[in-house]
Amino acid sequence: MVREAMLQYADIALILVPLAGALLSFVLPRAVSLIGIASAVGITFCALGLTETLLTNGVRQHLVGGWGAPLGIELRADGLSTLMLLMTAVVGLGISLYARVWFRSEANKAIWFWPLWLLLWTALNALFLAADLFNLYVTLELLGLSATGLTALAGSAAALGGAMRYLLVSLFGSLLYLLGIALIYHQCGNVDIALVAECLSPTSPSWAALALIVSGLVLKTALFPFHFWLPPAHASAPAPVSALLSALVIKATFYLLLRLWLDLFSPLAPQLDSLLGLLGAAAVLWGSLLALRQVRLKLLIAYSTVAQIGYLFIAFPLASVGMSAWNGALYLALSHALAKASMFMAAGNLMRHAGHDRIRELDLVAQRLPLSVTAFALAGMSIMGLPPSGGFVAKWWLLESALQQGMWSLAIVLVVGGILAAAYVFRVVGFAFTESPVTHEACPIPRAMEWIALVLALGSLLLGVFVQPPLEVLAVGTPLAGGN
Amino acid sequence: MAADDTRVSAVTPWHFYALLGVGLFSLALYTFIVQAHLLRKILAFNIMGSSVFLVLAGLAGSPAGEAPDPVPHAMVITGIVVAVSATALALVLMLRLRDTSGRLTLPEDMGG
Amino acid sequence: MNQWLPLLVLASSLLPGLIIFALPEHKHRLRTILNLTGALLKLALVLGILWGVFNQQQYEVRLALLPELDMVFRVGPLALFFIILSSGLWLVTTIYAIGYLEGSPNRSRFFGFFSLCVTSTVGLAMAGNLFTFLLFYEMLTLTTYPLVVHRGTAEARRAGRTYLYYTVSGGALLLAGTVWLYSLTGTLEFVPQGFVSGLDASHHQALVVIFVLLIGGLGVKAALVPLHGWLPKAMVAPAPVSALLHAVAVVKAGAFGIVRVVYEVYGVEFSSSLGVAYPLAIVAAITIIYGSMRAMFQDNLKRRLAYSTVSQVSYIALGVAIVGPIATIGGLVHLVHQGVMKITLFFCAGILDETLGIHKVSEMKGVGRRMPWTMGAFTIAAFGMIGLPPFAGFVSKWYLSLGALEAEQDWVILLLVASSLLNAIYFLPILHAAWFREADGPWPHERELGRYETALALLLPPLVTAALTVLIGLFAAAPLTPLEWAKLISIREFGRP
Amino acid sequence: MTIAELFSAVLLLAGSLFFIAGTIGLLRFPDVYTRLHALTKADNVGLGLIVTGLILQAPSWEVAGKLMLIWLLVLVASASACHLVACTALERGVTPWRQ
Amino acid sequence: MNQRNYLWLLQRTALFSLLWWLLTEGNASSWWFGVPLVLLATGVSTLLAPPSCRSLAGWLRFIPFFIGHSLKGGFDVAWRAMHPALPIAPLLVEYQMRLANEQARVFMTNTACLLPGTLGARFEGASLKVHVLDGHGDFHSELETLEKKVAALFCIDLENNDGRI
Amino acid sequence: MAAFNLALALLLLSTLAAGLWRILQGPTPADRMLAAQLFGTTAVACLLLLAQSSGRASLRDVALVFALLAAVAVVAFVRRTWHPALRKGGNRRDNR
Amino acid sequence: MPEKSNNQPTPEVQPPSESGLRWLSAALLLVLFAGLASAIMSLPVGTSGLSGEVEAELANSGVSHAVTAVLLNFRGYDTLLEMAVLLVALIGVWSLAPATAAPLTAPGSVLERLVELYVPIMLLTAGYLLWNGAHAPGGAFQGGAVLAAAAVLMFLSGRSLPASLEAWPFRSTIALGLIVFSAVAALLAWRRGALLDYPPAAAGALILLIETTATVSIGSILAALFLGGRPGDGR
């Protein structure tokens, strides 16, 4: 009975459960972490339930208010959405468990973290389910504001500056998006993605809308050269927040870009994919090089995110043949979510332990926090694209598409990016093996924080072993068939 | 809704509002980019928001005296609430930034 | 059972490795038991498979990984050839390492990675397609790095960084080549005589580039000049790690990969007609001479041995690149012979270091009298390296020469003679100093290690491998020796003896 | 045009003139106190006249009442605001302009 | 609560009802929503401002006075603003109010802002600082007239009053 | 009549330009606040005129809200922005 | 908080960016404007958007004003999320800083009398705007804004929330609108299968319930935002 209800309402429950959790945790600050964990577990079950219904009954559609497009708003859960929801649920659960321990010593921050995080989760789920352009705008804003609040939570000047920059960029990106929607509405008379897809034509309003929306989302996704805002924000936030920003928030805007690209824009501007690919390639190289230059661990990880975002965009020009490029990009998104969350958690552990995150002074941490270093290294495998890991599988597919189409330069970027990633990951791991004496007071780290990081890292490796299940989910009602 | 050929491209007063909107948008965007002071950036964001609303609602005027399309108006109201929320958060963030760093501008880039 | 055995072979070192990671540092006894049980079990399983393969059994496991691309383990003669070497030498090295690291810190970490390293090697040996090979090849890189930097000194970390730059780049080349190949052929399954020869001639140019990518990727680990730079630096690692790098796992994995690519991806005949085999032979030849020349001028003993490895491993590539069944036998058999001999040398170098603090050739005067057993083993292995009969190295060089004649590549004879001369030039002075010179003074850093000239756990392994060097040379023609296996493989590849 | 409309137009015009006068005062007067005089008095009379003018055009009594209500509210607000600004200016030491 | 207070409450309720009626422009169907609101507004108002005396007759007499004087004030200031010579002679003067009631004082201060030439700038207790636009004018008698009118509104007898609240 | 109302509304709007000049000139924040107040009152008048001319009764409600919010704005100004107690140092900027 | 910046020496502002950058952005924005303008000029005229659809279903929406019908019924889900946006902003603000200290001086009689007069009227007006929303422009946000203005006026006159209300009663009031909205949405999903699928007969009442609670919450959120920080500490 409960099970059936859950299967039937899994999609809307994915929005209502985190929302209810947020409201409860706001009203009852004393029970925040309990409410938060309960919500996270609930969301995870809902996501699993949705996956099950998707696999048995196919694409799910929910007409909010019973109206249906174009008058009403529709929610739609196909394989792509469900996969993103599932990823968010799993990584979100990990982040929640981690945050519960992390904020145990900072109760005054926990009471803000939980409602903000649950509202951010609401925004993520709502975004992945939305099939309506304007509704997507609202979810984008909810996402941006809650992410800003979370970023600023650390309270340091760096965090506030990072949050401010992020807020301005995010708001500006949303405005570009909204202006694009305005043009689309006045051209098509509605904002339902499926209906708009039938209406857009190669005329200047459509192109303008495309340019506005794509640039707004590219800005929010921090694609090179619009990545400038990402490292300060992601590196200065508290560890659980860094984890969720890098692992999930970036993915949401990328998902949206991908969705709109596939459904609306790709026939409109077939040349644009080369530009996106070029920027992606530049992001891979530039992000990796800057990651190599960083003195602080969290900045290194943040720049690694910049580079990994680049891979996601390399898929655009590769996707004209078959599905493997999109599969690769999505697989990279999935494994990066797990790996990057784990890396930021490991970095958070090291930082708490040592009181700083200067890479050169991470002496002997391998002995003191072996699990965290292991988590970092294993997550690093996925980032480097070494087997067995989700990152490897993703890179395999991307490389396959690149070589099949003779896009040598992109293939070279993919290969070189992996080498650079190895260089920066091992810069950190290398210091873990030093044998310098203890020079500072070390703060003990709860074991749970290390284990959670490790489990997420292992998850990113398992993605490299169990490849079929995610692909099966992705294949349901897929928009990824691509042009041939 | 396929593009149907009966619709003609012509200039109406509603286009004028929209043009005003994009003009304002461009101007405010210039301020948003060029001005370092955060308050000005936030104000510029607000003007940009208003100009987007102008485009959205301005074009919703009906051609033949019927009631104007309510959907863009509803969207504008939603957009205003969002803009108000964002502005409030941005202002408080700005003041906190001033309290901690003594500056009303964004910090320099980190790490490159 | 046939499905499970290959997996059990993997598990026999994987599980002990994982458990050892979790063991607290002070549980030496449990760790030792796990290590030895794993090593013995693996050897027993491998011998079981050997028996099966000898009786025409098929061992194959297939696990779905990517769509249409499986992880495949198949134990045929070639795989078994390498597995026996690895698992046999692993047992010996484990015993040696237990003795060598007695009392030093971070042993759980060390033995954990040690076991994973062998797991990767065995997985790579059993790989039934290039994809699986690639997976384990990369894992090998990752699991060896912590061993190279194990000491944690600045020098060790530098060496580790160099090692990574080389091997990760090599892995990237291999990946690129593999993916490209896959996008052309749609399969990566290893089969005798290769699977690419059927491709349309328009792809031949791409195939040449892919060959370069693959050999480039493998050549890093195989230390082909100019990709050898990491190997001499990595000698800062503890002696058991050097043994692992030079004889059991890493370098051998590269050489083994070259064998796989030439024989079972391209097919040796097709490689030749494609025009890629000859350049490979040239590269191997250059490496042989270059490595030996550099070895001559090294005073640091381990570094001299490292350059010797650079030179000697390329005999394998040379044998593979010379088209003909006899040269193949020579190359393949050297895979085992070089391993047994080189591990002996590194064991001995480690003993000298541990017991007397000797690092340099110039400090070895008179050490023969101080440590006769150790230097005896060293001498046997060195003679083998030079290629003196009846030691193992002679068999390799003999078959290589015959193969060169058969393939009408007479220059190889000259090369082998020159190489042997050079080998003699850098080994004989060591032996002379050790046996026939008087020690200058006290040893640099002498330690008392047990009743014998050194600790028993250190002394036994080189004695065993030195004995093997003699035995597989003397009884090369007996059944189940490396030479006989090599012949079997060669027949499969060429369809004729 | 009816008498009521004519009368209304006169009132509206007069009200607008007061607005303009108030604005001129705001521009010409020398300090914040005198500008307050101009703004408060002229604009409120202006608004009062406009409201009265509009009442003459109003469709119903209720609307007329609502217009009056709005004017009253503005009146109260302006008067209070005028005092508050003047008071604050005094407290901040803004000295009144003298000839 | 005495009878006067009930009356006062009733007055206020009626006032807010009138307000609601005006707001909804006489929509009869709005009362189901309006009644609770009116009661709420009355309640809040009572909480904020306790009952006090108001004279209806005073109000009736005050309105024409106010309209006339504010028109005069408007003309006065408009004339001064438009005049090329800008005929103003501002002065800050002090006026001692005789009004005992604080509400009445506030009312007077506010009204002074709208009447000709005066601006209630600050008051402390009974002393009111007035900014006058033309120091030569007879602002003092103007203020006294105003004070009388205000006193009538708030049922205050200015003559028998010792200045205390 | 509607056209007349509309014209007056436009006339009133034009006076706002003068208010802009006062905002630019200052000199004290209070002067700028006065201009804002001018905007408020003028806007109420405009809205009432427009409500009449366009027949949109809802504009009167907007005027009502304007009347209410204008008061709040001034109070916020004197209590928060220009509050005497918050003054530090001299009043150079206030007096000119 | 803004008062501090008033007389303080203006915090250092970076020197204006190089003129090259300015010219570049100006040129780019000119291009942007030209592109957008041309797009707008070629937008088709005569599209009535969704007004036909709205018109057709207005009778079933529970309200007679089209914009309100869109906001609370047809696109009510947007409004639900929009209220979450408002709440997020408030939580963000509260997480950043304690509320600013109240003005130091007594408010003065004039202000107090103004408050006494205005606050009840604003309350009534807020209710009127809310009620009006069903058939004319107006509604929860407008009503909430007026309500917030009333609260702000109270704060400015030196009145603050009683300490007993600052904890969960205040938080509940803030969350009330969203709680009711999402509860109605969930309830309707459970009974009728879709979020916010109002039965036409009950739509008007449910929408009014949602709007009333939303007005209260929006009012308190906006008022709380004005304070610029969390109440209760830092005084």
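Chains here go by letter, A, B, C, D, E, F and G, matching the order in which they are written, and residues are numbered from 1 within each.
Assume contacts are C-beta pairs under 8 Å (C-beta built on N, C-alpha and C of every residue); 3 or more make two chains touch, one makes a residue touch a chain.
Note that the structure is predicted; figures quoted are calculated from it, not measured.
Path length between subunit C and subunit E in the chain contact graph, taken as the least number of steps between touching chains: 3.
Most remote chain with respect to subunit C, judged by CA-atom centres, is E. Chain pairs A-B and B-G differ in how many C-beta pairs are in contact, and the one with more is B-G.
Subunit B and subunit C have CA centres that are 67 Å apart. Distance between subunit E and subunit F, defined via averaged C-alpha coordinates, is recorded as 23 Å. Here the spacing of subunit C and subunit F, counted between their Cα centres, is 87 Å.
Subunit D and subunit G have CA centres that are 31 Å apart.
Of all residues in subunit D, those touching 2 or more other chains are 22, 24, 36, 44, 46, 63, 66, 69, 73, 76-78, 80, 83-84, 87, 89, 91, listed in ascending order. Within subunit B, residues 3, 18, 22, 25, 55, 59-60, 71-72, 75, 78, 82, 85-86, 89, 93, 96 each touch two or more of the remaining chains. Among the residues of subunit G, those in touch with two or more other chains are 2, 36, 40, 42-44, 47-50, 54, 74-75, 78, 82, 85, 88-89, 92, 96, 110-111, 113-114, 117-118, 121, 125, 128, 132. Across the complex, subunit A meets subunit C through its residues 366-367, 370, 381, 384, 386-388, 392-393, 395-396, 399-400, 403-404, 411, 415-416, 418-419, 422-423, 426, 429-431, 433-435, 465, 467-468, 471. Within the complex, the subunit B residues that touch subunit G are 3, 6-12, 14-15, 18-19, 22-23, 25-27, 29-30, 33-34, 36-37, 55, 59-60, 62-63, 66-75, 77-78, 80-82, 84-86, 88-89, 91-93, 95-96, 98-99, 102-105.
Residue ranges of subunit E in contact with subunit G, taken from their complex: 16, 19-20, 23-24, 30, 33-34, 37-38, 40-42, 44-45, 48-49, 102-103, 105-107, 109-110, 123.
Residues 1-2, 5, 10-14, 16-17, 21-22, 25-26, 29-30, 32-33, 36-37, 40-51, 54-55, 66-67, 69-71, 74-75, 78-79, 82-83, 85-86, 88-90, 92-93, 96-97, 139, 141, 222, 225, 228-229 of subunit G are the ones touching subunit B in the complex. Subunit G meets subunit E in the complex at residues 109-110, 112-113, 115-117, 119-121, 123-125, 127-128, 131-132.
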